[in-house]
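Note that the chains are named A, B and C in the order they appear, and that numbering of residues resets to 1 at the start of each chain.
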Amino acid sequence: MKTTVLIIGGGIAGTAIARELSKYDVDVTLVEKEKDIAFGGPTKANTAIIHAGYDDKPGTTAAKLCRRGNAKWGRLSSELSIPFRRIGSLVIAFNDDEISVLYELMKRGEANGVQDLRIIMGRELFEMEPNLNRKAAAGLYAPSAGVTSPYEAAIALAENARMNGVSFLLETEATGIIIKNGKVKAVQTNRGTIHTRYIINAAGLFADEVSAMAGIEEFKITPRKGEYVIYDKNLRSLVNHILFPIPSPISKGITVTPTVDGNLIAGPTAHDIEDKRDASTTSEGIEEVLRGACKLVPCLSARRDAVISSFSGLRPQPSTGDFIIKSYEEPYGFINVSGIKSPGLTSAPAIAEMVVEILRAEGLRLEMKSDFKPYRRPIEHPFRDFNPAKAEALIDQDRSYGHVVCRCEHVSEGEILEAIRRGATTLDGVKYRTRAGMGRCQGGFCTPHIIKILARELGIPVEDVTKKGGDSKVLLYRAKHLLIGDEKE
Amino acid sequence: MDRETREVICILCPVGCRITVEIEDGEISKIENAGCKRGRDYAEQEIKSPVRDFFTTVRVKDGKIPVVSVRSTAPIPKRMLMRCASELARIVVPAPVRIGDVIVKNIMNLGVDIVATKSVEKA
Amino acid sequence: MIKRKLDIIVIGGGAAGLAAAIAAKESGVNSVLVLERNPELGGILPQCIHTGFGLHYFKENLTGPEYISRFISRVHDLEIEYKVETMVLELSPRREVWAVNQHDGLLNLKADAIVLAMGCRERSRGALCIPGMRPAGIFTAGTAQRLMDIEGFLPGRKVLILGSGDVGLIMARRFAMEGAEVMGVVEVAPYPGGLDRNLQCLRDFGIPLYLRHAATFIHGSDRVEAVTISRLDESGKPIAGEEKTIECDTLILSVGLIPENELSKGAGIQLDPNTGGPVVDENMETSIEGVFACGNVVHVHDLVDHVTQSGEAAGKNAAKKVLGELPPLERRIHLRPEGNIRYVVPQIISGERPLTLFSRVKKPASNAKIIVGEKISIHKRIVKPPELVTIKLTSELLKKLNPEKKELTVTMEE
């Protein structure tokens, strides 16, 4: 197999780079080790915030790309139909010391080029957030912050990239890099060798390991675990903006924020761990999230009943403390896009543009395609923001939109079929593209139906349907299997 | 003399009497703590020859659903539950199945039939 | 889009909904429509293949499918209209229903009376925030039951069950009967949650019952590999050092049923936080005129026989409403549960007519006196949380109540 640019990693960075490169006349391939885009981890398990840009240390790559990226999200979300809302954020201070920090953040933001920051106190603060802890003294308001759906974003970027010619190889894991005469030659994978001139290392949690394959070991990635709690959509109206506490040296703190889908989410915690594969939740972590949430929005303490789920995400924390986006003299052709933790999601479109510039500087001829297709149609959801006329039109076109399968999120079979057409091969793949299974019953009603639909459409036995690829089969056996043993069924 | 005391939790009504049964040389010698006669009889049966309602599913061929729920027409000895389950596991009945259809007559010679408890149409 | 006006719409074609529809039709209302989201009528009953249904209503010991088939037959005999695989999207306060199915497309319906019979949903792993990984192999008991007894699959071979309520115990028995190894049933309370009749299967199959234990970690990244359980102290906190990791490939959750009232909330119907369901009066009418509710959507019942009775009452009264024969209650006395009484349904009574109240207690008690309005005292030999307590208010007893009072407490003494 041969390509010109090989992107390792199908998270938000990898897919953003793929889409950006797909604007040019160049052969691009993306390899992802999991069964689907965004399955790797950090991209699907974060706070989903598009940050304003006052958090990052001025002069860092993160600071530069965050502000640039923030400005690009409007257009990106519009072109690719990614859910995105600029709801604004408030960093909440509870005392004078914390108010001083707000002023520092504001100064930092201005140094980073963030224009419209302002400190809000008193009645205005509580008018903006009626359920905010009455002990709150002031808030740093950043109107340019927003919320999005990070896995939908990665999926949309990948769809558009594929539409524009990028090849995607899933369940394909980089196992080694072949360098000859100081130049990148090929990447070895579990599915064979791919010859390439350039490698973009966007391997997230494993970026240091991939970088080591190229002989570059100047940084280490430490998984920093963040746990979250999701509340029922019924609580959406409790909060209007993204609410932050005063940040700590290692984290922006436990936020309470409305999600773009209409839930409320609290988190994350921040604890460094050893095992990059340990995205488990812990009882201490969840308690910590709930405490942090109740500090900002005290009425949440009486609403444990409204929690619908919890999850954990690992941030790929770089030992350098900043994004590592650079090329090297040796091996020529290897470009690191590593340590993309927060504000990675915000920065993604700017990271992609920066990588294109790096490739150019490395000698890759990049000519814009004349037939680049910038738009990606979303999967239509007839019953979200229910509009009878629109729903009717969709059902007329395709009756399967009239068969609602996910009761909680009102997802129809039509949407599930479309998700499968667009690449979903697992329960989670359907979930991330349609929200089926993300509601308050957490798949209790729809799972049996979705499994059957997947089996039918993929032409596989029902017992082979998985939750997320690998060994995650949902159903192990057909009826009576354990009673009849090896007899013919 | 070989004496043993066993406890039977009666399931006939919400009181759930914890009935003590004394067994001497394999025969019931005393039944205590039963709140009523039905409970006493139940405890005796539980010790002598415990029975259970038996219900499971049987595979269906060419039906709208792949299994049909079935039951025994009368309770069967507790010790025969898994044997009957295994026996029925080997069967596949063709659709259509009507509620009440006899799936197996006189299963394992227990004098009890296995009948369908729902109907399954042809696919 | 299909626009229709009906006399009565019943939302939910399970035990409650079918009973309501039948009662309404038998009361002389012709245009009754039942809307059901599943591909078949019957609600949860078609997958409840065990016995124990109909002991009161039919004086027979039936399986779930047998019980409900009688009502489905009656629906057919009475030619009651129903639509399956039809999802109700919205209910408005003005009794307008938006529903959709593949065949008709969008349905915009209006009715003179609505009967809510949506039943309940199961509490999920997510809602409990059980720590650990997110592997495949975690199912709520009802979902596992559907997969096993309707779809014909066996979700796993080494099963751990959380929750000793009836559904969990019933699934323990089913798994054992299918040849799976049931590693245990784990219960946070010091006493089991299900009926003795269902607990029996633990003894029958030698399944360990871990009382005062909770699941504290789920292991396995792709598929469940093991679950760690911990003994709990008096306050419900895990005791360090008292953990046990149980190897299993399947975790079944039977940790609570929640009345499914999203449609009710959307319509602005007043809900009772103690039940999770609508506040209803003795006519089973909710806070919106013409909207009635019955079955598990009002409160979680223990016997389907009671659900049927609940449905019949709602259906009869919805019909009376449509025929103009349901006058407003003479008085609206609010019943307030206190102490060991978790809830009382109906929450509003007139005090004029004899009726049966349904209640649940928080903790087991024996030789208890249920006291209504400080004046009525009813003796109960045994009361337990898993069993619905019936409080029969006869005309005699009702006479004892103070006619002035707008609110009465319902409490318990031992």
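As a working rule, a contact is a pair of C-beta atoms (placed from the backbone, for glycine too) under 8 Å apart; a residue touches a chain by one contact, two chains touch by 3 or more.
Note that the coordinates shown come from a computational prediction; the quantities given were computed from them, not determined experimentally.
J.: For the interfaces B-C and A-C, which has the higher count of C-beta pairs in contact?
T.: A-C
J.: Which chain wins if you rank chains by how close their C-alpha centre is to the centre of all protein C-alpha atoms?
T.: That would be chain C.
J.: Starting from the Cα centroid of chain B, hunt down the chain whose centroid lies farthest away.
T.: With centres defined by C-alpha atoms, farthest from chain B sits A.
J.: Between chain A and chain B, what's the gap in Å when you average each chain's C-alpha atoms?
T.: 53
J.: Quick one: chain B and chain C, Cα centre-to-centre, how many Å?
T.: Those two chain centres are 27 Å apart.
J.: What is the distance, in whole Å, between the centres of chain A and chain C, each centre taken as the mean of its C-alpha atoms?
T.: Measuring from centre to centre gives 38 Å for this pair.
J.: Would you mind listing the residues of chain B that make contact with two or more other chains?
T.: 57, 59, 66-67, 85-86, 89
J.: Can you list every residue of chain C that touches 2 or more other chains, as numbers and ranges?
T.: 148, 151-152, 178-179
J.: For chain A, jot down the residues that touch at least 2 other chains.
T.: 479-480, 483
J.: Which stretch or stretches of chain C touch chain B in the complex?
T.: Within the complex, chain C touches chain B at residues 46, 49-51, 61, 63, 65-66, 69, 148-152, 174, 177-179, 195-197, 199-200, 204, 381-382, 384, 387.
J.: For the complex, give me every residue of chain C touching chain A.
T.: So the residues of chain C touching chain A come out as 1, 37, 85, 87, 89-90, 98, 100-106, 108, 121-122, 124-127, 129, 131-137, 139-140, 142-143, 146-148, 151-157, 178-180, 216-218, 221-223, 238, 249-250, 262, 265.
J.: Name, in rising order, each residue of chain A that touches chain B in their complex.
T.: Spelled out, the residues of chain A in touch with chain B are 479-480, 483-484, 487.
J.: Quick one: in the complex, what on chain A touches chain C?
T.: 229-230, 234, 277, 279-283, 285-286, 307-311, 383, 386, 388, 391-392, 395-396, 399-400, 402-404, 407-408, 410, 412-413, 427, 440-445, 447-448, 452, 462-463, 466-483
J.: Which residues, counting only chain B, touch chain C once they are in their complex?
T.: Counting only chain B, the residues touching chain C are 9-11, 14-16, 52-53, 55-57, 59, 65-67, 69-71, 78, 81-82, 85-86, 89, 99, 117-119.
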